[in-house]
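Each of the next two complexes has subunit A plus one other chain: subunit B in the first, subunit C in the second.
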Partner chain A sequence: MSKRKILMSVATMCMLSTAAMAQGPKAGGVVNAVIQPEPPGLMMGLVQNGPTQMIAGNIYEGLLRYSPKLDPLPGLAESWSVSEDGKVYTFKLVKGVTWHDGKPFTSADVLFSIDFLKQTHARARGNLVQLDKVEAPDESTVVFTLKQPFGPFIGIFEVGSLPMIPKHLYEGTDFKTNPANNTPIGTGPFMFKEWQKGSFIRLVKNPNYHVKGKPNLDEIYWHVIPDAAARSVAYETGKVDVLPGGSVENFDVPRLSKLKNTCVTGAGWEFFSPHSWLWLNNRSGPTANKKFRQALMFAIDRNMAKDVVWNGLGKVATGPSGSTIRYYTGAMPKYDYDPAKAKALLKEAGYKGEKVRMLPLPYGETWQRWAEMVRQNLQDVGINVDMVATDVPGWNQKVSEWDYDIAFTYLYQYGDPALGVGRNYVSSQIAKGSPFNNVEGYSNPEIDKLFADGAVAFPDAAREEIYAKAQKILVEDVPVAWMLELQFPTITRCNVKNLITTGIGVNDGFRDAWIEK
Partner chain B sequence: MISFIAQRIAKAVIVLLALVVLNFFLIRMAPGDPAVVMAGEAGAGDQLFIAQLREKFGLDRPLPVQLFLYVKGILSLDLGFSFRQQMPVSKLILDRLPATLLLTGTAFAISLAFGILFGALAARFAGTWADTAITIAALIFYATPLFWVALMAILLFSVTMDWLPSFGYETVGAGYTGLAHVLDVAAHLILPATTIGLFFMATYARMTRASMLEVNRLDFVKTARAKGLSDAVIQRRHVLRNALLPVVTLAGLQAGTLVGGAVLTETVFAWPGIGRLMYEALLQRDYNLLLGVFVVCSAMVLAFNLITDLVYRSVDPRIEFAS
Partner chain C sequence: MKQASRVLLRNPGGMIGITILVIAVAVALFGPLLFPTSPWRMVQRPFLPPFTLSGFPLGTDALGRDVMAGIIYGARVSLLVGLISTLASLAVGIPLGAAAGYFGGKVDDALMRFTEFFQTVPSFALAIVLVAIMQPSIVSIVAAIAIVSWPPVARLVRGEVLSLRTREYVQAAVVTGQTNWWIIWREILPNALSPVIVLASLMVATAILLESSLSFLGLGDPNLMSWGYMVGAGRTVIRQAWWITVFPGIAILVSVLALNLIGEGLNDALNPRLAKGGR
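And then the complex of A and B:
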């Protein structure tokens, strides 16, 4: 079988490293960062939430990392190739890698991790649905064979999606009660040292890390500070150096960004590509009418929301896919802010001023203000909006029980429409009781077929054509009202360098970070 | 006295069990459940995953069965397992309880000492500028929301003056030991303890002032004056002691609820106590943890009520224990 070598991204890594080297990374130093909420655990195979990955992304590693353009980069795999039929993926592992307890990392750990994650990791389970078998011909080679080509497969190997788990600690044990969960052991640049619940988590440098000269930092402290205003103050008073995206309310960002030695960036979210929209209940009420839904798109001033609520960060969403997602096309009908057009469409829809229940996302003041802005927009065109206050569990219940008309949300897209886009629109994902699938109840057999075909089409050109068609249909039907491609601002001291070097951002660990004295 | 205490403890246990049952249903009446919250945090909420979580937590069982198992656990002093924190509830609470007791104990001591002192001064100098100043200050502290006081205190003493730390229990990573550690914790304690203490201090000051003025009008005070005792002795030995009974009652009731009062303060100051644990458990619908914190809070209220009854006796020996 002839193979085509793809994306040997060592060159890219060298370029990134060279840029940093020119400045001369300095070894040593401690970074204090904020984490919120406190993670329930740090064992990434068992716990998959944002704060867990943000911290444990330093402890564990995946086979690959991804550039801001989502090209694969070496991680625990130093090279990889794909067979011409797109069904066999062969990974060569970095040699000489050890776990934090000194045991060697081998292909047997990769095989074990796949088996482990199929049992415990809902997203990994979905990502591996086309996997036929995985084999380890030798200690440093792993071969994945798929049932049929699965386009997004090369994009599922980052640390949060497929973290490597130490076989020697977990094999034959009850994973959930294994004592090792409290002292996580990975291969990453930092090792777990201490966790004072409610206060801080401390990681220290892994002196045997497999990338020579990395990491630069000696320690990282993650401080648990539950109140957003107190997190701002902690930065302002110099007690913390890094506020990862979403740590403070957006209205505090301009003030904090003016502080001395402070840098703000929206980079590092390209892989997750958080996409925000309004769920619109397609089953009943005014939102069941396509013209009403289109009217909403014209009625909402999304540019203003971006500039005012999100301080200019992010982009106005043009459709179901974010612009950093593979096969994104911007060549679609546009919904620019046009209240007159919205009013005309409402008239065509036969809207008579019925009450429309709107659920803001209960994630703090930023989202509340955004909801108020949208309510104002909708009231301006004559829509009778009733804002319903909830907390997070209440929001989850109302959305999963379909008890709403309009509901704010945002979800990650994970770089590929087959991973993070299709699930929101295909009818097989309509299921009461879960707030994370097609809760709007949109059902279109053509869309079902396009997403089913797109996931397994080969080669890339075929996928591109399918997804372009799907995006066009969805934008015309407006099953949900797309709002913004979000960028959560990461605020740091400017002398903390190279904090974000990949498309996974601060969730990919502080491996390359260093402190300029 | 022993039989009095035994009776009170027996009654307290019954009340506690009734509270457990009530809280059990009350919490479950709130919308949403921990499985959906955790699935949301995982960013992958397929129904299989949510069903797995419910099964793991035992939430798929009928409610009476869940209640039976919970009460059975309580009777063997087992508060259950926290869904989200993946730890026994009792360990979580015991780990956090010292911080809360330190915070609320300090706040309680500050508020009681200064509240009684300022209340006594206001009564002693009733109608003067000192009385007016104390009364107005007490009114302001009584009426101002705790979180606002907390934020303003942070703004003034941490951001502007940089005198006191704004969050946490200690300086993380400083490695202080011995006296340096004690002083470090004390520095972290000042703002949150004062924030909580101000409200209660205002309450005690107002109560002490009113009560002392009332006692001052009673005949035995006139008799004491007629006997030629000095005003200071009359105020301290006769008036204050008799005026303290309602203050003790109030303090006894409030001591138990100080844990609840610490929820906001612990959250704003990132103080790692059980008030914050309760707040987080509520947002995450971590039923067992929330119930566990409620049990501890209820037990504290009941314990303080018992202590209040005992303190009555020492404040006023005329009071006898009814057995």
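And then the complex of A and C:
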């Protein structure tokens, strides 16, 4: 309780100080940030894991950026329009943009990037599945024509999902072995300068950036510090100013947030909206019974997990969609913490104390503690839980081979139910070998049809209706046990301003950031 | 033997060790009766400092679980693992060592090369690998500890047997036509046992440490509360809540110390030369 109060008061203090000293951004300065773990590469078209996106999102750019409400903002495209039938998207590119090596950025680069990413970027390939053709009538216009209306299309142009790749460096080469991969060239506000492996990555200001007066910072250092405790210490000693979400253990957040000149925010994850849940094996064992699955939802004290394990950050998940995802509806059956109801449902389900195997997510202490808490919740209502310890490869294998009863996970949702929600519930996504698809084995023709229709329905009101229906059915059936909408707190010195202004937060945030002296 | 136990009881270190061990065993056996709730249960607010609430003398951990209950249930796991894995390694080490020492020649060579194979691998690293492969559970931990700790037993027993088998009473037994295994069992082993007992008491201590280290690294049985797990889980919050790590740490320290003291005392009591010198 007191912890949350302190967090809040720190946040208010930070807001007050901003208001009191409201003044324009100042140019200059160096920011030291932590990157965890060290990325395997920075060529965003080839590598898309978290740390790569976090750094390279400031080197590369997409056609659009997204507000925290996921409304499209101008990026490399200054304006865009959608035809009335929802099939033709026309983008006007910003004029006079150059790559970091001085070559001009044109519509030809956009066409090339689409081709490039279709070969290298699995998620982009999926996002572009409805694309019929893409044309460039002139140097600064790109026209996308779809096979049928695809509502989420406007949401696929974020830098990590569809980064622009320089045609003049990659055309006709073997993308994977191109030497340019080591010195990434983008159009973004910062240019790659230096990478001391195991130590730091250094970006410097792009003096020819296409937005006048930006960026404000001269340099960014991303420090590689492999140990979580050492990252906290690095912040305390002043070596780094920015701890992006997930770089320190949750238990350290309250302590760090009490330090002088320290601001903590959970913002900047709206686009990814990491959603956590328990996979429940719908095929066999007690979890195959819907009543048993509903009992789980009543048995688990998710508010307590939020307050204790996640230090009050995040939100209790109400269903398959996070509350920042388009067409989210809260008008659904609620599962509040109610052990008595859980026990009654277990009785109805005819549960006789069979052993239920639970796999925690092997991502560190926070997740381990969380699993222990849930196990206790379940044992309290009489479920015989056997926790199985695994490492990351073991977890991946067990989950993707369906060898579990209950398994913790969290996945990104990418703003639209057609991009990041449906994949976990439609029966066409039941396939061994991936821990990211319909792992629970839930199969419901009605849901299949709703998600299929929802992806291509037009206009938005039609989609809204379809997804509301789908959410309602899923929440009733509990194919998986939704836990929390996670927030990974970003910890910064309060004088680092405007770092998080978009729905992807730090990933493209340094463009607007500045340091108050 | 009677004389030996008298010597042991007169040894102050040994006495302290025995007292502590008796207390630990009593806690392991009867503690759960005093603390019937599971040590995993969240009973109070998280990070409750020690000595603030009467029901929770040692405070609570990051999830609000009673540290005292954890230590009491942890005693069970630690002592059980220590005892069973030591018995298991004795069960492997004594027959192998006895066979090698008694039969000599090729048997000795083969068995000792096999033993050295285990001795050359760092025991803790091997234990980690074994537990990771077999999946962390109480059975795999006991097995791993037994597998890495039998070689010293085998070598010790071999050495003892080697010197005893040339004694006249053994030769007399051979002449009377007793079988080899009967001779080993009845004539040699009872006389080779003293150093093994001393070693075994130290092995229990080592096994407790090994189990704690494995749990500390997150390779403990996730369904059992153990001291090593408590230290490992509390490590990340040691700067906010020292008591979560310190109390189980003390528990490990004290019980390992007690076993070492007992080992020393036994050594004094059972080693005739030392015992005489002491008197």
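The rule we apply is simple: the second predicted complex is superposed on the first by the 494 of 517 C-alpha atoms of A that agree within 3 Å, B and C clash if a C-alpha of one lies under 4 Å from a C-alpha of the other, contacts with A are read in each partner's own complex, and residues count from 1 in each chain.
To be clear about the criterion, contacts are C-beta pairs under 8 Å (C-beta built on N, C-alpha and C of every residue); 3 or more make two chains touch, one makes a residue touch a chain.
Quick caveat, the model's predicted, so the values are computed rather than measured.
When both complexes are superposed on subunit A, subunit B and subunit C fit side by side without a clash. Judged by the touch definition given at the top, the superposed model places A:208 against neither subunit B nor subunit C. With both structures placed on the common chain, the touch criterion links A:173 to neither subunit B nor subunit C.
In the overlay built on the shared chain, the residue A:249 is in contact with subunit C alone; subunit B does not reach it. When the two structures are aligned on the shared chain, A:226 is found in touch with subunit B, with no touch to subunit C.
Of the two partner chains, subunit C is the only one touched by A:309; subunit B is not. With both structures placed on the common chain, the touch criterion links A:30 to subunit B but leaves subunit C unconnected. More residues of subunit A are in touch with B than with the other of subunit B and subunit C.
In the superposed pair of complexes, A:388 makes contact with subunit C only, with no contact to subunit B.
Contacts of A:257 after superposition on the shared chain: neither subunit B nor subunit C is touched. Judged by the touch definition given at the top, the superposed model places A:428 against neither subunit B nor subunit C.
After superposing both complexes on chain A, the closest C-alpha pair between subunit B and subunit C lies 7 Å apart. Looking at subunit A, you'll find residues 229, 390-391, 394 touch subunit B in one structure and subunit C in the other.
Taken together, the subunit A residues at the contact with subunit C in this complex read 228-229, 249, 251-252, 254-255, 304, 308-309, 360, 365, 368-369, 371-373, 375-376, 379-380, 386-391, 394. By the touch rule above, subunit C contacts subunit A in their complex via residues 38, 40-42, 46, 62-64, 132, 135-137, 218-223, 233, 236-237, 239-240. The touching residues of subunit A, counted against subunit B in their complex, run 30, 32, 37-38, 40-41, 47-50, 122-123, 126, 176, 181, 196-200, 202, 219, 221, 223-227, 229-230, 233-234, 236-237, 239, 390-398, 400, 411-412, 431, 433-437.
Put simply, subunit B touches subunit A in their complex at residues 30-34, 36-50, 56, 84-86, 92, 95-96, 99, 151, 154-155, 158-159, 162, 165-170, 172-173, 267-270, 272-273, 276-277, 279-280, 283-285.
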